[in-house]
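Before I ask anything, let me first share the structure, which is written out below as structure tokens.
Every chain is named by a letter (A, B, C and D) in the order it is written, and numbering of its residues begins at 1.
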Amino acid sequence: MSSYIQEKINLFQQQNKNRARLLINCPDQPGIVATVSKFLYEHNANIIESNQYSADPEGGEFFIRIEFEAPDLKTKAKQLEEDFQSIAQEFSMDWKFTYVDNIKKMAIFVSREPHCLLELLWEWQSGDLMADISLVISNHETSREMVENLGIPYYYIPANKDIRAEVEKKQLKLLEDYQIDVIVLARYMQILTPEFVEVHKHRIINIHHSFLPAFIGANPYERAYNRGVKLIGATSHYVTNDLDEGPIIDQDISRVDHRDNAADMKKIGQSVERSVLARAIKWHLEDRIIVHGNKTIVF
Amino acid sequence: MSSYIQEKINLFQQQNKNRARLLINCPDQPGIVATVSKFLYEHNANIIESNQYSADPEGGEFFIRIEFEAPDLKTKAKQLEEDFQSIAQEFSMDWKFTYVDNIKKMAIFVSREPHCLLELLWEWQSGDLMADISLVISNHETSREMVENLGIPYYYIPANKDIRAEVEKKQLKLLEDYQIDVIVLARYMQILTPEFVEVHKHRIINIHHSFLPAFIGANPYERAYNRGVKLIGATSHYVTNDLDEGPIIDQDISRVDHRDNAADMKKIGQSVERSVLARAIKWHLEDRIIVHGNKTIVF
Amino acid sequence: MSSYIQEKINLFQQQNKNRARLLINCPDQPGIVATVSKFLYEHNANIIESNQYSADPEGGEFFIRIEFEAPDLKTKAKQLEEDFQSIAQEFSMDWKFTYVDNIKKMAIFVSREPHCLLELLWEWQSGDLMADISLVISNHETSREMVENLGIPYYYIPANKDIRAEVEKKQLKLLEDYQIDVIVLARYMQILTPEFVEVHKHRIINIHHSFLPAFIGANPYERAYNRGVKLIGATSHYVTNDLDEGPIIDQDISRVDHRDNAADMKKIGQSVERSVLARAIKWHLEDRIIVHGNKTIVF
Amino acid sequence: MSSYIQEKINLFQQQNKNRARLLINCPDQPGIVATVSKFLYEHNANIIESNQYSADPEGGEFFIRIEFEAPDLKTKAKQLEEDFQSIAQEFSMDWKFTYVDNIKKMAIFVSREPHCLLELLWEWQSGDLMADISLVISNHETSREMVENLGIPYYYIPANKDIRAEVEKKQLKLLEDYQIDVIVLARYMQILTPEFVEVHKHRIINIHHSFLPAFIGANPYERAYNRGVKLIGATSHYVTNDLDEGPIIDQDISRVDHRDNAADMKKIGQSVERSVLARAIKWHLEDRIIVHGNKTIVF
């Protein structure tokens, strides 16, 4: 990694060394907020931001994300988590604490078209995408130069559906070696097997080049052109075993008209893809997304 | 019709008595624009606005819409159209002249939910929808009062799929009696038969409450909610025999998030439906739309 | 008021008889959320929605809005408010409880152009604007018919800057007689005196037909046209003594281009005005807005 | 320039060697379109796209942009332009032919913040910004590496208001040496003198980080934050002698809320700046903009 970016990361970690996030979902019931906020107060934690949502006020699921600061957080984290166990048990919570200075390790998968990769590298260089981009994996050599120029390892692994098993084996090995936390499919045009997806459940973010559920599958721009739509879109979502059916994180669209042919739509759409993917990744990095069934709560 | 609106229409007709539009599509070939513009020049017509489009510069279809003014247009219109015949023949044109002061007669079909009807009546009252709303046909009594208050006849014709034939017979009779030019399905929740559609081809505008081709058919908001989309949309299109498959005129979307349930999405979506439908109708009234295959050119 | 709307209001009140909101702002300090949520929990209140914001995590102002339900709220409200006093004192809170079934009484002021008034009446009829529109005051007769048709009293009070004092006296008398909670200037083209504004501080919502702070004052569309802007906008804000300088509630824009003259911009802009004003009013009615200095927090 | 980009440019030039644009403005009068289209037809030119606009149908200014193809254009261009002279004279036209394979030479000026420069380099690399980026001039060293990596010369010229004259002398010399056609101020935070502007009239494109005319001058994000706006914007415009008062090419906005401080607004705004500037430049490169008074017609 270039020293310029390393410096930005160091500064960020320094500034956030006492900052953490608590994410909870559990059956809705009275007293959750009172109990959790009392707990944090008693542990000297100052709440910076808090978001909550009840799927159904009358007996549904409850979700909350709290970002807080506490002095000497590093030395107290372990105790904090231990102390929280009894509350978690009482309310049957799914929960986790994450620590903001614990920068997530990211792998980017890309095929031939570099626009989404470029956007992520751009945001990363400018300090807006606070991740450790540990490696790029591609089935093409196209983007090697721009990736290596930034000091990021680039792995060329040819791929097609006939050699899927051995390809994924190599990829999974790399992800393990680099201890990857989040995988971004930045227009990686290969389908992943259920085995791969299972290993990294809710940690693989894909960008699909249509406003799902319209135009699931291949060639969405061409099909959008043939249908004569007046809007084209892009969708970022977590990858599941059902193609383009995973929990949607974000979507956006751009206006097109009769003058735009399929190639124009593709160009216009690439700009939407870039921003929708970047936004989803940032929310994921900031632990703003809770997956619930096949939907996302984005705080 | 109330005298207030009649006055607006009269003024509009007076202001536009010398204004017409010429719409053409034909195989693309050199010399079309030169020939047509020479023709208009020689007939003393001043071009106010002109839009053209070639589906494929190398031998595809050519489309043009010209709005022009000519002194004493009313007395010269017949001659103009006759003189144009030889050009039309030479270039194998589909063509028509329309005269701006020839206000189109509109029928609005509505079921129980009045939001789209209300929008159209609103735009109409404020002079922004220059049509003669000749009648409203509904399978419910809900909107009678607000329609009749504006001096528009309201026909209650109960409808369901078992009595479709006789219902459409009554409707077609009314459309004929009133010499209707354009039919708006302002959330009319009944399917029209191929026979009905054939009689009024490219003259029936529907609003579908999703961004087509996503959520074709019934209950799109509920299905959008279940899919966890982050955008909901609406689509205005000409009605064809294939449900929700006709040429799209306009689409738009609104952002939603995890807090919005199906009922919220419906409310948010109604606002999108209103504006998308009103826009499509205005373009139709101004002869801005050319249907080509299953697409629209909107000038 | 028509019985149709009265029914909607009655139903809404019935559904929300146990629902209330608590709005607080106070100096930020540890323990606020813990204390307030414990208080609500102990009073059997179930939190439905909660939003908070700290202007500056290190010692700034803290804001929270909590919507909750409690059984038999009506009989307990007084006690609840009394019990809360000690907490309020401890944290130096500005605070209020509001009760959702306590429908706010609204007066609408309008001049000659009815588009904003019409939008509000439309939203009101469809049950999306939950207020008691008690009266309309206008310096023109233009909108009398449509207002009285809905059973709303219409007061015609001619106004100009020379008779401002006596005009406002009449208006203030009416507002008092009707016990008005919120005043909407739905394109009321008269300036209010500081005396008037003082009486109804943070209760007067205006719509200005530009994206403030661009084009403060008169004729914004004409000035926008002359400047050659590519976007026109609208701004809803609370009225203060400084013309068009009050706390902004919401803004939106629409795209225009070189073909749009000042009249076109006005038409396009009216649609923006309608939605921006309606949105602001709904947020106010739902007690979602806290004014802080010259800004708004919108929860 | 890297060979990768050079290849893209070569291909583009090859594909467009017979393509040209004709831009005209002149007093509106009958017969312009007829005459010009006849002229092109007689010169074997096939019209690909044509856009026209009359500022005022009754005796105002007329504008037209025609993109056409003609076989062997290169050998016929001179004759074409000569033949056009008599038409131009007859109608008192301002006019020019431009040839699409004649790639424009561009200079980019930048200060410390690289986001707009990066966007342009990105679009350029992906072949979407068809220009010859001949050099980058900056008063900082920040962006040298990324610019030189792409094979573009980088000139560091320290600048401040005390040494403006000599700085501009150096800059103008470079612009002359490189035969620059268009200058982009990609967040170049120095004011240019009238002398500089005069030399490159309507060839200097600036991005201002507000929706003009709001927040003219310095620190717009901070002032937007202080005013409590709910939208922030960006404006691309041609530079004139009046600061931020030149003809606007494009504008766009992004939504913000009370949680966004001035630094957040700046980050959100940078994304708007990037797209608004890139769009304006593309339109300029495609000869889509005609400056008329202090406005632009964008075809």
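Criterion: a contact is a pair of C-beta atoms (placed from the backbone, for glycine too) under 8 Å apart; a residue touches a chain by one contact, two chains touch by 3 or more.
Here the structure is a predicted model, which is why all the values come from computation and not from measurement.
The chain pair with more C-beta contacts between its two chains, of A-D and C-D, is C-D.
Averaging Cα atoms per chain gives one point for each, and the point farthest from that of chain B is the centre of A. Spacing of chain A relative to chain D, judged by their CA centroids, is 36 angstrom.
Here the spacing of chain C and chain D, counted between their Cα centres, is 43 Å. Within chain A, not a single residue touches two or more of the remaining chains. A complete topology is adopted by the chain contact network, contact being made between every pair of chains.
Those residues of chain B that touch chain A in the complex are listed here as 53, 211-215, 227-231, 233, 247-253, 257-259, 294-298.
If you check the complex, the residues on chain A that touch chain D are 114-115, 118-119, 122, 125-126, 128, 149, 267, 271, 275. Taken in their complex, chain D has these residues touching chain B: 30-31, 33-34, 37-38, 40-41, 44, 46-52, 54, 57, 69.
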